[in-house]
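Following this message is one structure expressed as structure tokens.
Naming follows writing order (A, B, C and D), and every chain is counted from residue 1.
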Amino acid sequence: MIKDSQARIIDKKSWNNYYLFSLESPRIASQAHPGQFIMIRISHHPHPLLRRPLSIHSKDEKSIDIFFQVSGLGTDLLSQKKVGDILDILGPLGKGFHGGASLNGKDVVAAGGGRGIAPLYFLAKELRSHGALVKIFYGGKSLEDIPLKEKFKRENFDLYCSTDDGSFGFKGFITEYLKTELEKFTPSRIFSCGPEEMMKKIAQFAAKKNIPAEFSLESVMGCGFGVCWGCVKRIKKNGEEGWVKICEEGPVFSSEEIVWTEEEK
Amino acid sequence: MIKDSQARIIDKKSWNNYYLFSLESPRIASQAHPGQFIMIRISHHPHPLLRRPLSIHSKDEKSIDIFFQVSGLGTDLLSQKKVGDILDILGPLGKGFHGGASLNGKDVVAAGGGRGIAPLYFLAKELRSHGALVKIFYGGKSLEDIPLKEKFKRENFDLYCSTDDGSFGFKGFITEYLKTELEKFTPSRIFSCGPEEMMKKIAQFAAKKNIPAEFSLESVMGCGFGVCWGCVKRIKKNGEEGWVKICEEGPVFSSEEIVWTEEEK
Amino acid sequence: MTDLSIDLGFIKLKNPIIASSGTFGYGLEFAPFIDLNKLGGIVVKGLYFSPRPGNSPPRLVEASSGLINAVGLQGVGVKKFSEEILPQLRKYSTAIIVNVCGEKDEEYASVVDFLDKEEGISAYELNISCPNVEKNGVCPALDPETTFSVVSLVKKSSSRPVIVKLSPNVTDIAEIALSAQEAGADALSLVNTFLAIAVDVETRKPVLPKVFGGLSGPAIKPLVLRMVYQVVSRVKIPVIGIGGILSAKDALEYLIIGARAVEVGTANLIDPEATVKIIDGLTEYCQKNGIDKIESIIGTLKKPQGLD
Amino acid sequence: MTDLSIDLGFIKLKNPIIASSGTFGYGLEFAPFIDLNKLGGIVVKGLYFSPRPGNSPPRLVEASSGLINAVGLQGVGVKKFSEEILPQLRKYSTAIIVNVCGEKDEEYASVVDFLDKEEGISAYELNISCPNVEKNGVCPALDPETTFSVVSLVKKSSSRPVIVKLSPNVTDIAEIALSAQEAGADALSLVNTFLAIAVDVETRKPVLPKVFGGLSGPAIKPLVLRMVYQVVSRVKIPVIGIGGILSAKDALEYLIIGARAVEVGTANLIDPEATVKIIDGLTEYCQKNGIDKIESIIGTLKKPQGLD
């Protein structure tokens, strides 16, 4: 968990509002686990001030990829960076997804919505390397919002796509698609990342079916390394409920740990 | 004096810290006089907040050039713009240099230091088109700081260069060079733009020799079009001294009008 | 058609967007850029009774997301304003508000006295909050009693509505607001600039020759939103929000908190079309959100109720 | 060799750069990034007597060149701090300062009482200025009397120097400063965050669940420089400047105005190496300007004398 102030952008792809960057960082590449993230310094001026958290989307020997959607000023400025530009990043941060070896030979589901797909590619590859049979559920508003579908296909993952408007795949939310499919098979674990509403629904029917599930939570992060206490979520651990820093203890938590609250956006 | 929110950068050159941009703006090109300036919006974010003033360096039928030195955040960000990028500019602003037809057949001097050379190229070309015989005095700290010397030479201007360190031309300040040369000839007018100390000295010996002189002043500008009263300098007009908005009444003033003050930086 | 009009009680505005004093000149300077008839109102540059020379330069220094100014209210005085500027301004169909200044209470009153004879002014905005750099930033709006004194004096002589412009440099702005209301203020405008300093570390001098200046711009917006919030729940008269408004979104934050109108300041310097763009942005927001009348969103902030 | 050391009277610091409370965790979190021994000092996260749950999220919202936070002083309490954290922190050779909080005057005193028994603390920083979002931002530092009361109570029980951290949300910060000095404060730190609000115009809710938060970061620097300027000429005890310091240049502005040390806050979140980079920048500045001892530039602002 330290700093790379000289991470070079070595590749850049884009689809509409979505961007994929490869960043040269042998150190992070060698340490990273699926579900961990990095904090990127967007500008060296007083505005925008804070770093932005982005999941590690995949890794190579000497580089990591990030995949992000332009959601505001920070990601907009980031999207304008070019191959060759240098980024100042912290990482790998957080604890990431669990499981792995224990899932050998088992069916598992990785369900992501929109930009939430980002950490699931890294996860899916890792799970498969441990022998798990990974089914990807990938949802978006429209065909444009599932730009990684080809990538998953090329890697021969079992891919289930949905779009809200039916422009590609199942018409409707990915949660509905998943629910339908879960009548046909029962995975040993569900991993998910995406809008909170989506994850909440998945948590509900995973609980009903007694399927262990893990979720990658989002929050505005002041630091990403546990010192500002800004990123807390309601978490139950060892029977005790409290505000827990997701940058340190998460961002991934299991169904049982997360206390889904109404106030959350 | 209105706005071009869509001025495209159509050409870009650079020498170390100095940049030359061509901006597509038929309106400004058709209206501009030497010594006038534009206000450029550097960013659409809250920081840096204010536009930056830059002189019109030359003009073509449909475009104008600016020539600037990176001096801080604003000019640094501007220098990073690329050909094809769009700038939001106001102009032409201010009143510019005087004289013209009346200088037909006369010797005139245009003396610029560092980035102060910017408006003098446009001026020199205009003066020559009116039949004046223009001698350019161009000074900088070092060879690197007089990147436009080739350009003036190509246009066959009488060029006198100086560098503080003697790396090119006369060794010493451009004011000293000018003073030496003025023992050989007496121009009908001196035009100058550059650091205030330099212009003050020129004003002094121009006054001694009774040569009319005009100076382009600098000041931090809040708006550039006369509404913030931020850009004032001490100016004497019709016998009355007061704080005058240089964006509106200037930035060019004659020797007699300018009250050089100690407080100025 | 979205109805952007706003009723301040003593005056109805076409829309809640007013150009703020000192950042819009005498108004006419913006005619080449925008149709002045589109504005809710214009507050002209601060007027003392006599012409004022203003401070020596530099008068401006940029700060992080902000601007520090020490212009010192250089201006033409009431006579020249009435004779040369007002006749031209009157032609526009927008509310003309005069920002009234004074060294002493009596000067405020005499400016108002003088202008009362002139046609075409909708209201006065009493600038009791300009951080006076000569006096280390002291101004009447720092204290409830000095506020009461100047506002009640002016109200006596004024035949027109008086908006009182408050200072942010206080502990309890609601206290000052109540005092102004008690003295007869018809509305409040919040706020003038924040007292500020910048230092040049190379020369080790203050950047501004009289040390102090006033901070404006986006940097101050979160602080002013807080002050408007603190005031609207305590006073009965309308509140106008001022501070850091660059976009329609910024203006909407103020309206939702409870300001009945806003003034746009520094934004005018950066983009002379700012006011009109903000007005267009309000219409767009209303249309997108099915809002017929912008009045209906004022003060609709959903306050949390008894969260843990 | 440049001498960056600073004498605060009751303690000598290696250099004037202190990590500020709430932005540096309990200090140890930064050990992977920087050598903590290089710092002038570390102010640990605010400590109440008992552990505190903190506010519900969202706790942060970015503003223009600033950050609004409503963390609510979630923390471990004195017991856990003394048992688990302090023993590790003690190993570093830098001044450890504990930021002391309390709901009531007595809680401040009991935190100090408890910690007085522990080794390895250089001073207390009395946080009487945290805008308490439950109470609409009210805190002891808004009033000279409440300031006097809590400072004198704590001074009675404390065997260690007490730095009093003031609030910027006041009309006359020098008045509060004098009151703290009279009550026995050994130093003052200026300032805590500015009370602020942000509104989500889509949901029409305040972004922070309890409406208020505290603004920090570059946006506030010009205002805090002004406050330090107003205070240093009035008090005899040392003043520590805090607000918007990202670079050595920012720190130097404070020192030149007269702060004897500075605290670096939000910058730590953005760049965990910020403090060390600022220290290096101070050395560089001194070398470039032929300054042997940084002490010699403190309070050297060249004030203008009788300009027109």
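The rule we apply is simple: a residue touches a chain if its C-beta (ideal position, glycine included) is under 8 Å from a C-beta of that chain, and two chains touch if they have at least 3 such contacts.
Predicted model only: the values in this text are computed from it and were never measured.
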Check: Using each chain's Cα centroid, which is most distant from the centroid of chain D?
Finding: B
Note to self: Need the CA-centroid distance for the pair chain A / chain C, whole Å please.
What the structure shows: 46
Check: Where the CA atoms of chain C average out and where those of chain D average out, how many Å apart are those spots?
Finding: 33
Next item on the list: Take the average of all CA coordinates in chain A, do the same for chain B, and state the distance between these two points in whole angstrom.
Entry: 54
Item checked: Per-residue multi-chain contacts in chain B, two or more chains -> 46-48, 263
Item checked: Residue list for chain C, restricted to those that touch at least two other chains -> 56, 64-66, 203, 209, 217-219, 307
Notebook entry, point to check: Classify the inter-chain contact topology: is it line, ring, star, complete, or other?
Noted result: complete
Next item on the list: Note which residues of chain D are touching chain A in the complex, please.
Entry: 22-25, 29-30, 32-33, 45, 53-54, 56-62, 64-67, 69, 71, 74, 203, 209, 217-219, 244, 246, 266, 268-273
Margin query: Considering only the defined contacts, which chain C positions touch chain D in the complex?
Written below: 56, 63-66, 68, 136-137, 142-143, 169-171, 194-199, 201, 203-206, 209-212, 215, 217-223, 225-226, 229-230, 244, 249, 252-253, 256-257, 285, 297, 300-304, 307-308
Note to self: List the residues on chain A that touch chain D in their complex, please.
What the structure shows: 1-3, 41, 46-51, 88, 90, 219-223, 225-234, 242-243, 261, 263-265
Item checked: In the complex with chain B, residue positions of chain A that touch it -> 45-48, 73
Notebook entry, point to check: In the complex formed with chain B, which residues of chain D make contact?
Noted result: 64-65, 307
